[in-house]
Amino acid sequence: MVSHRSRTAFAIGAAAVTVALLVTGCSAGSSSSSTKSSTIVIDRVFDLKTADPSRQYEPTGAIVDKALYETLLTFSGSDVSKTVPGLATVEASADSKTFTVTLGDGHVFSDGSPVTADDVVFSLNRVIGMKGNPSFLLSGVTVTKKDDKTVILTSATSNPALPFILPNPSLSILNSKVVIANGGTTDEKDSAEAYLNANSAGSGPYVLDTLDLTSQVVLTTNPKYSGDDKPTYSRVVLRNVESATQKINIEGGDSQVALDLSGDQASGLGSGITVASTPSANVIFLLLNQNSKVSTITSNPDFVSAVKKSINYDDLVSLAGKGAAQANGIVPSMFLGALGSADKTTYDKTGAAADLAASGYKGEKVTLSFPSDISLNGVEFTVLAQRIQSQLKDAGITVDLAPAPVATEFAAYRDGKEALGLWYWGPDFPDPSNYLEFAPGGVVGLRAGWPEGSDATVTAAATAARAGGSNDERATQFTTYQKALNATGPFIPLVQPANNIASASSVTGVEYNAVWTIDIAALGSK
Amino acid sequence: MMNTRIKRPRIHLGAWGAPLGIIGAVIALAWIVVAFLAPVIAPHDPLAQDLPRLQAPGGDTILGTDSLGRDVFSRLISGAGVTIPLALLLVVLSVLIGTILGSIAGFFGRWVDETIMRITDLVMAFPTVILAMVIAAALGASLLNAVYAALIVSWPSYARLTRGLVLGLRSSNYVVSGRLLGFSPWRSLWRDIAPNIIGPILVLASLDIGTAILLLSGLSFLGLGAKPPTAEWGSMVSDAIGNFDQWWLGVFPGLAILTVVVAFNFVGDALRDALDPKSATLRGGGPTL
Amino acid sequence: MNSLTIENLTISVATSSGQREIVSGIDITLERGRIHGLAGESGSGKTMTALAVLNLLPERAQLTGSIRLAPRDTTLGDPTEIVGASKRVMGAIRGRRIAMVFQDPSTSLHPQLSIGQQLTDHVRHHLGLNKRDATARAVELLTRVRVPNPEGALKRYPHQFSGGQRQRIAIAVALACDPEVLLADEPTTALDVTVQAGVLQLLRELVDETNLTVLLVTHDLGVMSAVADEVTIMKAGRIVESGPRQRIFTAPEHEYTRALLAALPGSTVEEDADTLAQQLAAAAELPDDAERLDDTDFPDRSELPDAPGDGTPPSLSDADLPIGSSVLPGQADLPDVAGFPSRPGSHRAESSATLDISDGPDEERTHV
Amino acid sequence: MRPARATRAGRTGHPFARYLIQRILTSLLLVVGVTLVTFTLTNLVPGDPVAAALGQHAAEDPAIVASFRAHYGVDQPLVVQYFTYLGNLVHGDLGESPTTHHPVLEDLQVAVPATLEIAIGAIVLSVIIGVVLGTLAAYRRGKVTDHVLRVVSLLGLSVPTFWLALVLYYVFFFKLHIAPGSGRLSAIYAAPPTVTGMTTVDALLAGQWDVFLDASAHLFLPVLVLTLYTVGLLTRFVRTAVLEILDMDYVRAARAKGLPGRTVVWSYVLRGASIPVLTIVGLAFGSLLSGTVLVESVFSWPGLGSYAFKAASNLDLPGIMGVGLVIGIIYLGTNLIVDLLYSVVDPRVRLA
């Protein structure tokens, strides 16, 4: 355990050296000590680009904005299968094209002004009009004010998923007067981002104290917060910390919550620390390009089948660590319509050999491209890729690894130029319809060189699933879709890595949410 | 420090420089032998992931296993065959490019000299690693690309050294008398100047092998060098970042780098004592990482 | 009255081929208020002898015998033994009781320190003067060695003075603590021939005025004949002959001495100060680098464009050439010659003060 | 290091002004060169900055992509982009980073002091230690101390900094728990009001002793890692320089004056060795900045190295350009300071 004396001695020693270094005639004023009371420290590997909710679309941004802002609808705890009222209640029309938003009473922003329909209209129109990263969430949606308490959302097409999209922190409601005063507009000329990175303009339980995109975000309680559940911690420090250090920090009491421990790290934690391990909603998959211009090998159906059977899924799951699970289908396990373990693809050495022989593969090198700088819930793509390479080698398939930073590699992936690719899909909203993009001609389908009309079975299943219906009907439709995809599709769902949230035992209310990872305001103490 | 001296290489074996140099040479040679024999002496296939993951040293693995169940010891010795030859290649290429450009600059002077020296200024204004990083990012991660990136930042020191030596020699007796006798400048460049600059260049180059290893493994550490699953020491160290509990993942490859670099630096230091007791250090030669 | 007594002094140096004796059992006695000339060719061990007196020989040199420094006043006690003396004892002797002037003032004065600092640091250390008193003393010293504008000179740096002025400053530095013995190692060799006389004249005056004891190390018999009272001739680490100047120059007993003298132009010894300058001019020759310690570290002469190509500095010991029979090309290589009107023979000793004023500051360049 | 030009003083009145103008002009040329090189290199990268900045969902929406390209000006031809950049540069506008969504200038205002804090700490510490050890080695030439120091300094030069950083971090933080974790400040402390951007200095200026202690503790390991390397470099070099000075007549003359040993060392020997030592210190500072990249990545230090790495891997052109510029400026500034110091320590050097 930490010896406080030795740590103090280290600090003093270091300070002595620093003092010696400083050529400062330091005029020491009275020691104005810094705040320490009721602070909670949360360690996170940052992927933060902005705190402006209408621009951010990163998991860390969602954590921050969930604490600073409120949305029209929200989820309770970790349950993302049904929405609950947030700032408003929403009623959908039968055709899922018109949604009536009715604002609740008594919601005020941090400057004390009430949340109005104008704020809702401005905030949502700003998301759409700025054409920032999250604007596709509301594509085809128009927002109109009906009266001071009511707003109408109209979708061009049937949009049953919209209520599940609205809780996304990117669709937070901002204080329109403040934002407009600081350069906010509802088009691309908007210049309020700088302001929103230094101040918050929301009605959430916290306000932004300081923000440094690379090191830390500090939140303090919003005294005007109108919700019933006032936050326990008056100051929140969300720090950018590498996962190995997160482990040390939480073991040493330097932090109270660690969000990015790998399975290996989480299983080695000492007593006094609680770990919540749940499979995350991220699905890591392998894609085999069906475009013969890209690769004549990967576009061979027998070869695709051989690869599916050559992979030792259990081995990959154990590599991903504690709490990880095999992705039975492309839809993650906690969503409606997820596949059961009976329908998962399994390792089949002899079947693989037969398929490989049938494919006419002659030992050519296949290039596996992957983003080398991505580490998802503690699972490093580089590690995973090496294991896949090794497994395929055992099956007689020669794989050449081509790592590149995601910035460079993503372009090739998006343009459908990768023969073999290792990627993941994180859901935009907790509804299986998000996964229809994997169908032929879908966004991800095209990345695998799989245009419309490539696979009639899958396309038919996808069309049926898109049509909607009752929950049971939809569940069946999506199961069928995924079975078809597993059978003939160019995607191989591999792993849902675990989300390990480690917290000091004194911290309560730690719950993983697939949309915003963790609700800071819900954290309590005992 | 452009005030150069003309000295034919002289051998003075310092009382202690020589033994250190011999120790260095022995260690360096040992690593080179290991590099050649790695496939024979490695107890396991360095790429095979057939052992239990993250096993501590001892038992059937000398240095434990990594996060994919590969034998750290086997990877360590096969790593010698990855970094050392490339570092040597890098130094040889740097010396070639640097001395050629430096001789041209020093011998022909005027605008040729100005141009070449301004380019070295430009390259030297960048910190080595950051420039190499940008280049490696541009070329894509691979060890050979890391060598190219490192080459771009490492030739100027040779160019400057050579230019300084050539400038000093150009006005010296034998070159001047050669000119009076009507020999061509190329002849004097080759006959009179080359033998005189070999000593300092050799010293700088021998000290640079260590730098080259540090630079290449540093780039690999940042993910801009060796591609997985290559057993490269720098990337082995970076694998250790996520696995602090498994100290053996990082400690041994780091020690490997350290011993090789120290060995080459011992040799270089002894060579400096022997060939060029003063000038090499004064010109700011030596590692810059 | 004896001031410094050297008895049976032997200096040997460890080399790769074993111990080599550089000085072998010499005896020299310096009398108070006299200038004792120590002459000999390069490598004869004369500079080593001088350094031994200050215990400043390189570490690898071994020293046996005895060097005794008599107290200023015989009633004060026994002489101090220098051979094997502790650091503390030597610290109290060096600069305070025995001072030294080196051959080349352009290297013996620190180029980066002001004249003021170099003149006062040891004064403050040895005599415990405060800054103001030390500065006053420095001004007095500079006046005494006839450096013009002494107050201004304190703030200047060595490169801003001519060679002759620098050596005067170096002498002032040596005399600053009022020492009993002054070791002058070739004090005029590095100087332009036209200013040598002035410096020697100054030395003579100081001895006459202050009862200083001087050991004048030189290879130049012309210089010797001009100022020395006693003369010792050394060869290969041994004393060849020793005695009063008059006798040595008129009736040398040893053949080696005779050979040396025969080589001097104008074979009679003239003491007349008026002719000194002329004589010195005639006897002038190049500085003798070979005598320096670690001569290999000195910039090779071959770097100079017009030096002979073999790279070895000219040295008497090469062929036992008689002193003065210079075969070397003029004075162009002398470091201080630039900007100095070279009119040999036209200077008179008493006009040296005016001469020095006319010295322009060196336009020295530094390459870094 | 280019030689400081020393010529006849005072021919045209203000040699310093002339020196400065000449320096600034060459610097400007160099800076333009740096931007051109960086720009060209970055554009050689085959990737697409859009993908990096937008992420896999938004990058599919043509409207979002077009909006992004227009905002960052990457829809223009390269030549236009470059000259637009130069034009903005004249007005002190370094552009906006697509990675951080911040003006690059603001990012650099945070990153540069963070790196300088480490680099200055390391160089000051290294100079103190290196000069003492180097002088010691020279004085004990050929003795045990000298040999030990030779081995130690060669070891210092041979340690991979990234590895040493990890090992120290592992030992002092992970195992012994006496060093603080990564970053610049423990989370319980709020950063002191920004004056210099260096946390330790700012904490002192604000009189926050506890923050200062904490910031110093965070600073210590990164500084130590970089110091060990630089000490190796300086010790070897100072030894050589001092050995050369010890041969000088003026050192023998100072001894003959009976000055105490430490006066001889400090006033005479080290003053004499100051020019070559200053030169190498300037060079060492440059390599320190280089070394910070690897060390910052281990200690999660939000400095220039981390920023450069992130910018390079995200194809963040304005970010990389900004880093190139600021490093060029630091390099030139270092040279300028070294040149000025030459004239301080050596009266024979005059700037013209």
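Per-chain numbering from 1; labels A, B, C and D assigned in written order.
Here, a contact is a pair of C-beta atoms (placed from the backbone, for glycine too) under 8 Å apart; a residue touches a chain by one contact, two chains touch by 3 or more.
Everything numeric here is computed off the predicted structure, so don't read it as measured data.
Undergrad: In terms of C-beta pairs in contact, which of A-D and C-D ranks higher?
TA: The comparison resolves to A-D.
Undergrad: Find the most central chain, measuring centrality by the gap between its CA centroid and the centroid of all protein CA atoms shown.
TA: Answer by centroid distance: D.
Undergrad: Centroid of chain A to centroid of chain D, CA atoms only: how many Å?
TA: 37
Undergrad: So what's the Cα centroid distance for chain C and chain D, whole Å?
TA: Centres of chain C and chain D (C-alpha means) sit 49 Å apart.
Undergrad: From the C-alpha centre of chain B to that of chain C, how far is it in Å?
TA: One centre to the other, that is 51 Å.
Undergrad: From the C-alpha centre of chain A to that of chain C, how far is it in Å?
TA: Distance between chain centres, rounded to whole Å: 86 Å.
Undergrad: Would you please write down the residue numbers of chain D that are in contact with two or more other chains?
TA: Within chain D, the residues that touch at least two other chains are 3, 45-46, 174, 276, 279, 313, 315.
Undergrad: Taking each residue of chain C in turn, which ones touch at least two of the other chains?
TA: Touching at least two other chains: 367-368.
Undergrad: Two-or-more-chain contact residues of chain A, please, as numbers and ranges.
TA: Where chain A meets two or more other chains at a single residue, that happens at 242, 248, 373, 404-405, 408.
Undergrad: Across the complex, what residues on chain D touch chain A?
TA: Within the complex, chain D contacts chain A at residues 45-61, 63-64, 66-68, 70-71, 99-102, 110, 120-121, 124-125, 172-174, 176-184, 186-191, 200-201, 204-217, 219-220, 223, 300, 302, 306-307, 310, 313-315.
Undergrad: For chain B, which residues are in contact with chain D within the complex?
TA: Chain B reaches chain D through residues 1-2, 15-17, 20, 118, 121-122, 124-130, 133-135, 137-140, 210, 214, 217-218, 221-222, 234, 237-238, 240-241, 244, 247, 250-251, 253-254, 257-258, 261-262, 265-266, 269, 278, 281-282, 284, 286-289.
Undergrad: Tell me, which parts of chain D touch chain B in their complex?
TA: 1-3, 30, 33-34, 37-38, 41-42, 44-46, 142, 146-147, 150-151, 154-155, 157-164, 166-167, 170, 174, 229, 233, 236-237, 240-241, 244, 276, 279-280, 283, 286-287, 289-291, 293-294, 297-298, 305, 308-309, 312-313, 315, 320, 323-324, 327-328, 331-332
Undergrad: Which stretch or stretches of chain A touch chain D in the complex?
TA: By the definition above, chain A touches chain D via 1-3, 6-7, 9-15, 17-19, 21-22, 24, 26, 28-36, 39, 41, 49-50, 55, 57-58, 130-136, 139, 188, 193-194, 197, 209-210, 212-216, 218, 237, 239-242, 245, 248-249, 252, 254-255, 373, 404-411, 413-414, 423, 425, 428, 443.
Undergrad: Help me check something: in the complex, which residues belonging to chain B touch chain A?
TA: 47-49, 53-54, 67-68, 137, 140-141, 223, 227-229, 241-245
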